[in-house]
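Here it is, the structure in full.
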Amino acid sequence: MTKQVTPNGFTLDDSGQRVVVDPICRIEGHLRIEVNLDENNVIRNAVSTGAMWRGLEVILKGRDPRDAWAFTERICGVCTGVHALTSVRAVEDALGIDIPANANSIRNLMLLAQHTQDHLVHFYHLHALDWVDVVSALKADPRATSELQRSISNWPKSSPGYFRDVQARLKRFVESGQLGPFSNAYWGSAAYRLPPEANLMAVTHYLEALDFQREIVKIHTIFGGRNPHPNWVVGGVPCSIDVNGDGSINMEWLNLVSSIIDQSITFIDQVYIPDLKAIASFYKDWTYGGGLSGKNLLSYGEYPDHPNDWSQANMLQPGGAILDGDLSKVHEVDVRDPEQVQEFVAHSWYSYPDEKQGLHPWDGITEPHFELGPNFKGTKTNIEQIDEGAKYSFIKAPRWRGHAMEVGPLARYVVAYARGHEEIRDQVDGLLHDLGLPLPAIFSTLGRTAARGLECSFTAHKMRYVFDQLMANLKAGDTATANMDKWEPDTWPAQTRGVGHVEAPRGALGHWIHIKDGKLENYQAVVPTTWNASPRDPAGNIGAYEAALLGTPMVDAEQPVEILRTIHSFDPCLACSTHVMAPDGEELASVKVR
Amino acid sequence: MGDQQTFYEAMREHGITRRSFLKFCSLTAAGLGMGPEFAGKIAHALETKPRTPVIWLHGLECTCCSESFIRSGHPLAADVILSMISLDYDDTLMAAAGYQAEEILEQTVQKYDGNFILACEGNPPLNEDGMYCIQGGKPYIEKLRYMASHCKAIIAWGSCASWGCVQAARPNPTRATPIHKVIHDKPIVKVPGCPPIAEVMTGVITYMVAFGELPELDRQGRPKMFYSQRLHDKCYRRPHFDAGQFVERFDDEGARKGYCLYKVGCKGPTTHNACSTVEWNGGLSWPVKSGHGCLGCAEDNFWDRGSFYSAVTNLGVTGGVEATADDIGEVLAGAAAIGVAAHAAASVVSHMKDGSKGDSSHD
Amino acid sequence: MNSTAAAPHDPASREPVYVFEVPVRVWHWLHTFSFLALAVSGYLIANPLPSIGGEASDHFLMGNIRLVHFIAAYVFAIGFAVRIYWALVGNRYARELFILPIWRGDWWCGLLHEIRFYLFLSKDTPVSLGHNPLAQVAMFLFNVLGTLFMIGTGFALYGQALGIGSWADRLFGWIIPLIGSEALVRNWHIMGMWLMLVFVIIHIYMAVRADIMGRTSSVSTIIGGWRLFRNGRR
């Protein structure tokens, strides 16, 4: 290949200089990106390689379905809890368990809190350094920084003295010669466009957000006992409520939840959103990274308002699919339909009997097959260059009706926008208006980052709504938190299948399960990063990461700031894109999971 | 390194008074369960030592340990990272990527050979030549071995690094292996838990930086200050256990009253961790307090001990024995009883046959 | 043929023999009753009785069950220690439990014979003064090793409650990393109880059966100490 056009409309050209970025840092897990640059340092080919596998699905085989949430929760500790929630939903779906209204509200609160905290941490601690030059903050005038801060927000920590102190702390840190996590980075690169004052403000909020994120997750601690990795239970939530008692959730704890919600709303609306707008205003013309977002987007819909009703009309954030950028039509998604969600492995380190075909997760096969293509460079244990013409990633290629889809906050926002969701429309239109940008501007790296910020505000405010719903239900005398009618395996059918889905911080997440004789017979997870970081499929469609990198000019081929910026805008989670593998190539049959 | 700051200098430069610094030292001493006389030692240690370089590697994992670490309230994670240690490499947090990131490892080996702490989160897989975890095109195990050979001591964060954890659960398809089984020549502190409590993590690293040595370890290599007791022994629901008051199923009357969770599978009686004392997220709550039993996540191979919702679990026999000791025992005892009865019957029959031939075995 | 060929006493003489001395007999019954107390209380610790209501301070049910378990455990362990002492100073039969004479050919012949006998392949009733070889194997595996295992694992677990550095932890704490984890030790401790219970069932059956059908006394021997002989076919 030198030049080719993919079926989903992207032009690839691998003739130019190859640049390898491995590891991609500030993500969860291990990811490798390779790109080809043309003579103008513009990315013309992109290869995304998931570089880790843990095999949780094969480990789950034969286990008690009620225990599965704890295993799947450990798929990811960053978006902690989302796999656990998906798992209990899948088991409840398989067994026909309806959860009580309070359990629905508490689960929604926990998921909303997760989104809020995860988005906040992502923006400041995993993503900001792609836009913010830490060292430049040393040149800032604290007084001007204070003025900038006061011009964009009511946040009280805005005095010149405050910024002066932070700057002094930063100065000493830099001058100590021990730069810690800021060592060897790309400070001073022309890719950074913020004035020193904005950089100082952002660095200050980096530290404030690191401190504040601890508060948001306390909602998990109250209802689930801890964070990361709170506890869940099939049939509801493990915590009981006795408002008048002292042995379970009572008024004091509910008040604490309420107070955390208030603080979260304040922090997000007074710090995160103003920072987002301020930073975005300096990068308005950096319009790269759209990739698949202007074409194909997928969201399952989230936050069932009333329990046990999975219709999109009942979702606080309705889902669906957009194809070919046509916002006038939102396609309904049926996760049970074998023709819709399918996974391909032609370019993944797995094998299928027929690799031209995709398989629905209920029928999913996962047989590992680590094999480097004929054109790779290096040795098996020292890969210098991947051969994307062959198998090249531990990530499968999921497709919806054969289309590569982008998932995540931007997908959710565009789908809800297309569905006419009023609140989300107001948010999006408001931001675009403030920045003076047209709607298509959101189909970009910056759009992805902006949608995450807007969603963070949305989820913080929705916590208030759900909390009030919980209180109203308690006031009405309903204190049930778990339905234990079908807890015992002797109440279960001999064989059953189920599916659970959640909109995780990083996008559409589904678990497909098969229960036989009280044990898990098959477990397949199709996770957000599998969608976004997917390699090519048999037809040659490229995935969302690869598509988003194309056409981006790099200021300096040696400094991958632009690659990091776009990849980070997806908030990759590589541990999530876990699939099954065998002990060794010869004994595949013994761990074959069907 | 002339430009290396001591911890005390760093704090003074960050505008912290000597008085606050000493207060911090006594709080740290108290937090580590040590008497006030140790505050002076900590202060002295922090005043004279440059910030210790820490290299934080990630193998197969879910990153819950890092997430937990940044939840630390005392000391704040930001203060640990910026003032107490020098976190020179941590692919989850660091600004650089690609070869600029990997360069730091080599620089560290050159500058601080034998003087940096290696913090390991996650574990290396050994199958497929280690290529189930690829970093920089190479197997993670190579990076781990190389850095370990130059470090001063290793912290094994979490149950992955300490025991193997979820990816090492049966059948452990990647042959994920805990640190102490691949690195044999360096002191290792295990800080198990999935994840460990934030303040336990910062407590361990603070201790190592302040004292320049490993904390006192128990037989299995865990710091005694956090892992010497079972949750059960300091559980605030213990009186209900002793009284015989149990939650029989979730959301029953006992659950609302905060009874003991043992019968719904709490593993507190066999789990060593600080949950019931330090508690989680700033001492707010912990799993048992919220109403769910302990999963036993700080214990070796807790994934393969059978149901999280049963008090008696399985025997850890490889090959897929899911039955609990009680299941097997009841079957064996039943079989013995039946066997005895059958043998008795056969004896009588045999005896009568002999008797009919007029040839009794005893007369 | 008889299995304890080296015995000075000829079973054919049919004279009663003093086999089990007083300490052995006392220990047997202490061991039995402490085991039963341990098994019942242990089962109830693993599988508690239905929850009771009221104030926690009004009840101490689980606490008392555990107390019974621990008292019985001390009786069980100290009794066994004394029994080991008696093996050193007592008569030849006091040692049979602890030493399998695997170096002796006739012992193996006896073992084979016993197995054939209990499978109804041989009509010859074996005669032993002390324990027959098959019983000796069972005793050694399930009772001696079983008791040691239960004492070791039990006190290892007990040491976790007493705390690091307690006598039980120092003496037996090493067992936990050896087996893997405390949960695993606990589960094997429970399994050990079941295996010993299986032994008890078979042991009682064999003893009663031997009394009824065999040529020597057995139940009365462990009470009175004397082995009596009936006429037998040779």
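Going in written order, the chains are labelled A, B and C, and every chain counts its residues from 1.
The rule we apply is simple: a residue touches a chain if its C-beta (ideal position, glycine included) is under 8 Å from a C-beta of that chain, and two chains touch if they have at least 3 such contacts.
Predicted, not measured: the structure shown is a model, and the values here were computed from it.
Trainee: Suppose every chain is reduced to the average of its Cα atoms; which one is closest to the average of all protein Cα atoms?
Mentor: B
Trainee: Which chain has its C-alpha centroid at the greatest distance from the C-alpha centroid of chain A?
Mentor: Using the mean of the C-alpha atoms as each chain's centre, the farthest one from chain A is C.
Trainee: What's the distance between the Cα centroids of chain B and chain C, rounded to whole Å?
Mentor: 38
Trainee: For chain A and chain B, let me know how many angstrom lie between their CA-based centres, rounded off.
Mentor: Chain centroid spacing, chain A to chain B, equals 27 Å.
Trainee: Please report how many Å separate the Cα centroid of chain A from that of chain C, as a whole number.
Mentor: Here chain A and chain C have centroids separated by 60 Å.
Trainee: Could you list the positions in chain C whose residues touch two or more of the other chains?
Mentor: none
Trainee: Please output the residue numbers of chain B that touch at least 2 other chains, ranges allowed.
Mentor: 259
Trainee: Can you name the residues of chain C that touch chain B in the complex?
Mentor: Of all residues in chain C, those touching chain B are 46-54, 56-63, 65-66, 118, 120, 123, 125, 160-161, 163-164, 173-174, 176-177, 180-184, 186-188, 190-191, 193-195, 197-198, 201-202, 205, 209, 213-215, 230-233.
Trainee: Can you name the residues of chain B that touch chain C in the complex?
Mentor: 218-220, 224, 228-230, 233, 239-248, 253-254, 259, 262-263, 267, 269-272, 296, 299-302, 305, 311-316, 324-326, 328-330, 332-333, 335-337, 339-340, 343-344, 346-347, 350-351, 354, 359, 361-363
Trainee: Which residues of chain B touch chain A once you look at their complex with the stated criterion?
Mentor: 1, 3-5, 10, 13-15, 50-51, 53, 58, 60-68, 70-73, 76-78, 81-82, 85-98, 100-104, 107, 125, 127-140, 142, 165-167, 169-176, 194-195, 249-252, 255-259, 275, 280-282, 284-292, 295, 297, 303, 307-309, 320, 322
Trainee: List the residues on chain A that touch chain B in their complex, please.
Mentor: For chain A paired with chain B, touching residues are 20-30, 32, 49, 51-56, 58-59, 62, 64, 66-67, 70-71, 74-78, 80, 121, 125, 129, 134, 165, 168-169, 172-173, 175-186, 207, 210-211, 213-214, 217-218, 220-233, 235-236, 238-242, 245-248, 256, 368, 370, 378, 380-384, 394, 479-482, 484, 487, 559-560, 564, 575, 580-584, 591.
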